[in-house]
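The structures come next, written out as C-alpha cells.
Same chain, two partners: subunit A is paired with subunit B first, then with subunit C.
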Partner chain A sequence: MTEAQSETTEQEPLFAAAGGGLAILLKVEVPADAICWHRFFGAMQLALLCLLFLSGGLMAFAYTPVPGTAYDSVDYFQFSLPLGNVVRGLHHYAWNLLLIVMGLHLLRALILGAYKAPRQIVWISGVAFFLVIPLFIITGDLLPWDQKGYWSTQVRFSIIASIPVVGDFLVQLFRGGSLTGIVALTRLYVLHILLLPCALVLLIGLHLYFLATRGISGPLSDDEIPRPKALFMPTIVNRWLALFILTAIGMGLVAWHWPAALGDPADPTDSAFIPRPEWWVLFLNQLVAIFKGPFMVLGSAIIPGGLVFLLGALPFLDRSPERRPSKRMGVMVAAAVVLAAVTVLSVMGYVEHFVRPEH
Partner chain B sequence: MQKPMKLGILTCVLLCVLGLFLLSNNVTGAAKQTLTAGYSKAAPTGLDDPLWGKIKPLEVPFDGKEIFAGKKTAVTTKAVFTDNEIYFWFNWKDATLSVTKEAWKFDGQAWSRLKGDEDRLSLLFEINRINNFATKGCAVTCHVPPGAPNAKEGKFGTATDAEKGDLWHWKAARSDPAGYADDGYLAKISDTKGGRKGDAGKGGDKQNMTADKSKPMYMLAPGKKLAKNNILLAADAVEIADYSVFKTGDVVTSRMPMAAEGSFGDIKAVSRYADGAWTVILSRKLDTGHDDDVTFNPQKKYSFAMALFDDSKDQDSYDSEVLTLEFKK
Partner chain C sequence: MLENKVSISRQTAVENQFQISRRAFLTTSVLAGGAVVLAAIPMVSIVVLPSLKKGTGKWVDFGKADKLPPDDFSMLSYEFMTKDGWIDLPQRGFVWAKTDAKNGVKVFSSTCSHLACNVIWNRDTRMFECPCHTGRFDPDGLPVAGPPKKPLFLLPHKVEEGKILVHITL
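For the complex of A and B:
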C-alpha cells in the first residue's frame, strides 16, 4: 500500500463521521419560531459572543500585557492599524449590548415562564451566564491600562476585599501582591483570554445541549395546534447567520462613528482620579454606597449574591406548570419589585455620578 | 405573523435607542479640562474670521512660578480643524507688549542692550507617551536649574529614550515676526545634555552682533521694511557698512528671526497685540509626516500643557495644568 493510499484510508472514518454528522443535522427539525422576529435574544447573544471572540482574538495579536506598554499597544491597535478602531469598538459595544440582550432574554424567559419543567436546567445554565460575563468585563477593564480601567479595578478590589473570610485571599489571588501591577495585569489577562473563554464555551455548549434535549418553550396558548417546524440546517442556521451579519454591520457602523473611548494612561500615583461607574454597575455601586462600614458586605456580596441565587432557584420555588403571567402574580410582582429597585438605584447612581458629580 | 413582526421591529428599535443612549462613551472620566476642536471645511482666514465666534472657548487657568509665584492668569483657548490642518486660537491679557529681547540702542556715542525680554507661549504634546504626562503635565518633564551642565540645550527633557514630546514655542520677537512658532521636540535628558531640541530644518533667530559683541552687525537693507512690531528679519538685513547713519535713540533688533524651513517651520503663526491683550493663532498640518511631530488623528484624544512667559526667562513662567484636546465633527 502506498503512503497516499494509507493516508486516504486513515482519513476515511473522519470524513465519514463528519459526513454522517452533517447528514443528521440536515434532517433535524426544530420549532420554526426558534429564531424569528419576536424571538431572537438568545441567538443574538450567541452572535455577540462570536463577535467578542473574533474581535478579542484580533486585538490579542497586538496586545502586550505589561503596564504602560499595554496602553501603547491598545493605542497602536486602535489608531494606527487599519480598522483597528472598528475592531476595538466592536468589542466595546458588543459587550455592552450583550448585557442588555442578556437582561432582555432573561426577562422574556421569566415573564413567559420558560424556566418551568422540564427546562429548569436550561434556566439554571442561562443564569450562570450572569456570573461569567461580568467576570469578562471586570478582567478586561484593566487590560488597556488606562486611568478608568486601573482605578475601577482598584475600587473592585476594595469591594472584593470587604467580603468576609475570603475577600483578602481573593484580592491576593487576582492581584498577586500589594500593588496592582504587572502580576495583576498578567493574571487578569490570562483569565480574560484563556480561562474564562474556556468556561464560557463550556457553558454555551451545556446551555445549547440542555436546550436541545429539554426543548425550547412553546407559545402560551392552550390550543393543541401543532407547532410549525423548520429544518435546523439550513433554515435556522441561515437566520442566525443573517442576524450575526446584521449585528456585526450595525455594531461596526456604531464603532466607526463613535470610537470606543481610550482614556489617559493609568497613573497609579494619581489617587485624585475617581472612576465613574459604568451603567451596568450603577445599582451595585449604589448598594455598596448605602451599606457602609461593616455592613458593606451586604451591598457588595449578600444582596447581589442572594438575588442571583434566588434567580437560579426560581424553577424550584415556582413549581406549578402554569406559565401565563396573569396566573403567576407572585413571581410577577416580585420580579417587578426587583426590577424597580434596580432601576431606582441605577437612576440614583446616575444622578450622583453624572448629573451632579462632586469630582 | 403581523403582530409578532411589529413587536420584533419595535424591540429592535428599542434596542438601538437603548444602545445609543446607554452605550455612550461618555460614561467614565474625571475632572480635566478638555479643549474641543470644532470641524470646519474651510480654514479660518485670520484672527477676525467669524468662524472663531462659533467655536466654544475654554478658559484655561495658569499659575505663576519663580518670579510670578502666587500670581495667576488665564488664556482663552479655541481650536478648529479642517481635513488637513489644526488651528489653535489663544487670547490673553498682557499689560505690556514685550518684544525687546535685548535689542541694541544707540545713545549717540555707543551701543548698549535694552533691558527686556519677550512674550512667549509654549505648548507640549506627546509624540510618544511620556510617563504620567497625561495626569501631571509638564511637571513630569525634568527641569534643571540654570547653570547646570545639561541646561544649555534647553533645560528640560524626558526621562527615557522611549518618551518624546512635541514642543511648540511661539516667540513674540524671535519667531512671530517671521510668521511661525519654533517647532521643537523633547527627548531624553542626560547628565550632560538637555533634552530640548529643534526639529529638522532651518529656523530660529540669528544673532545681530559684531565679533567683539559691542554693537549690531546688521541693519535693514535698502528697500526693505521692518516686520511686525519693528523687528528686523534676517532675510531683510544687510551688514552695516557705515555706523554714522544711526541717530541717537535708534534701536536695532538683536535676535533676527530667520525664515523657517523643513519640519522646524511646520507651525504657522498669526498674531496681534491690541487693547492690552495678545491674540495668537497657531496652525499646523494634522499629519506633517515628520518623526519629530505629533500626528493628530481626529478620532483620538491628546494630552497637552501650556506655559506662558510674560517678558521673562525660561524659568519664570505661568503654567497650565494638563489638558485634553479632542476633535468633534
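For the complex of A and C:
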C-alpha cells in the first residue's frame, strides 16, 4: 500500500459517511401522489415546529425563570428588543396554528385509512404528539408569569389533583412542592425548554423514520398501476423550504400587527382574577364540569384518556385492508360522533366562559 | 430508423432531466439561503445588537473630600443599582483615592491592568499588589513587577460642594 492510499483510507470513514448520506438522500424517491393538498398538513407541521424552536430558542436568550423577574424578562423581550414582538408573537401564533393543523393531519389519515397495515406504527407515533404538544402548552403558559398564566396553571393543577390516587402526587411532582413559586416555575421551564423538546425531536424522528420505512399510502383506487415517482431532493425539499419562508413571513406580519398578549404580572393574592380556558381545552373543561363529585374522574381522566387510547388502538380495531371511506361507515360514524361531541362541548364552554362569563 | 429516433429522444430526455434537476438544485440553494437569512435577522436583532451597547458612566458621590486622610491611600467602596438587562441589580466595587499635599487627589481604578483582578494597596511595601499573578504597581499606578505592562486606570473625579465625585463606568 502506498502512502497516498493509506492516507485516503484513513480519512475516508468521515467523508464517506457524510457523502454517502447525501448520496442516499439525493436518490430518495417518493410517489408523485405525495404532492397533493391534503398532504400539506405534515409539511406545515414541520414548518411550524421549526418556527417554534427558533422563536423559543431566541426567547430563551432573554428569559429568567424567577417569579416576578420572569415577567420583566418577557416584557423586556417583547417591548425593548428589536423584533422581540414579532418573535414572541410567532411563538404564540405558531402553537395555536399547530394544534389546528395537527387535528387536520390526523383527520386526513383517519378518513383515508392511512393508519392501516403496514402503517400502524406511523399512526401510533402520530397519536403520541397529542400527548407531548399539550404538555408544551401547559408548561409554557406559566413562563411569562402573568395573571392568565399563573391562574390557568392553578386551575390545571387542581384538575389534575382531582384524579384519584395519583392526582396529588402528579401535581406535587410538577410543582416540586406545595407552592406555585420559583421551584414550580423552574420545573416547568426545564420541561418546556429541555425535556419536552428532546422528546419532541425524538418523536419527529421516529414518525418520519416509520413513514420512510413503511411508505406513504397510495391512492384509493385499487388498480395496481405503477405510481410515478418524484425526487425527495429537490422536489419535496423545495416545497418545504418555500412553505417555511411563507409561513414565517405571513405569521411574522400577523404577530407584528397583533402582538401576543402579556397581561398584568401574576398576583397570587388576587382572588378576583378568573382565568378563561383556552379554546383548545374548552371541551375538556366542559367535560370536567359535567361530572360532579366522585364522578369528576370520568371527565378529567377516564373519558379523555380512553379516547386517546382508542385512537391509538384504531389500527388494531379496524383491521380490514379496505381504505375507502364509503366502505368504512363504522369508523366514519364513530369519528363523526366524537367530533360532534367535541364541537358541542366546545360551543357550550365558549358560551359559558365568554358569552355569559358571570357564571 | 425508428431505433435511431427513440435513442435520440431518450438522450434528450436524459439531458432535459439533467437541466431540470440543475435548475431545481439552484432553487433549493436560493430557498435555503432565504430561510437562513430570515432566521438570522431576529438572531442579530435580539442576540447581537443588544450586546453592542456600551457601558454608561455615572458620577458616584463618596462624601466630603476633606475627610480623606492626607498623604495616604484610601479605599472608596461603592454600591449602586444599575439596570442589568431587564432588572435593577446592585453593582459593588471600590476604587483607590490617593491624597497628596502637592498634587491633590488622584483616583485609581482597582482593576489590575493584567487580567482584571482587584489590586490592594499595601501600606508597608507602599505598592498596589495584585493577588492573582503577583503584579505590583507603584504609588503612581505604574507597573513595577509581575505580568502587568500598563499602569492602573486613572478615573475622572471632581469636587463639588466639598464632596468628591468619581466617574465610574460599568
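The rule is simple: the second predicted complex is superposed on the first by the 341 of 359 C-alpha atoms of A that agree within 3 Å, B and C clash if a C-alpha of one lies under 4 Å from a C-alpha of the other, contacts with A are read in each partner's own complex, and residues count from 1 in each chain.
The rule is simple: a contact is a pair of C-beta atoms (placed from the backbone, for glycine too) under 8 Å apart; a residue touches a chain by one contact, two chains touch by 3 or more.
Computed from a predicted model, the values in this text were never measured in an experiment.
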Handout entry: When subunit B and subunit C are modelled together on subunit A, clash or fit
Key = fit
Handout entry: subunit B, subunit C and vertex subunit A (Cα centres) - angle in steps of 10°
Key = 60
Problem - First, second, both or neither for A:D72, with subunit B first and subunit C second - result: both
Problem - Comparing the two partners subunit B and subunit C, which touches a greater set of residues in subunit A - result: B
Practice task
Using the superposition on chain A described above, determine whether A:L58 touches subunit B (first), subunit C (second), both, or neither.
Solution key: second
Handout entry: First, second, both or neither for A:P275, with subunit B first and subunit C second
Key = first
Handout entry: subunit B and subunit C, minimum CA distance [Å, superposed model]
Key = 6
Exercise for the section: Mind sorting out which residues of subunit A both subunit B and subunit C touch, each in its own complex? Expected result: 72, 75
Problem - subunit C residues touching subunit A - in the complex, by the definition given at the top - result: 21, 24-25, 27-28, 31-32, 34-35, 38-39, 41-43, 45-47, 49-50, 85-87
Practice task
Flag every residue of subunit B that touches subunit A in the complex, lowest number first.
Solution key: 1, 4-5, 7-9, 11, 15-16, 18-20, 22-32, 129, 131-132, 134-136, 297, 299-301, 303, 324
Handout entry: subunit C partner contacts - residues on subunit A that touch it in the complex
Key = 54-55, 58, 61-62, 64, 69, 72-73, 75-77, 80-84, 86-87, 231, 233-235, 237-238, 241-242, 244-245, 248-249
Fill in the blank from the handout: Given the complex, residues on subunit A that touch subunit B span 36-38, 40, 68, 71-72, 75, 79, 85, 93, 96-97, 100-101, 104, 147-148, 152, 250, 254, 258-265, 267, 269-270, 272-276, 278-279, 354, 359
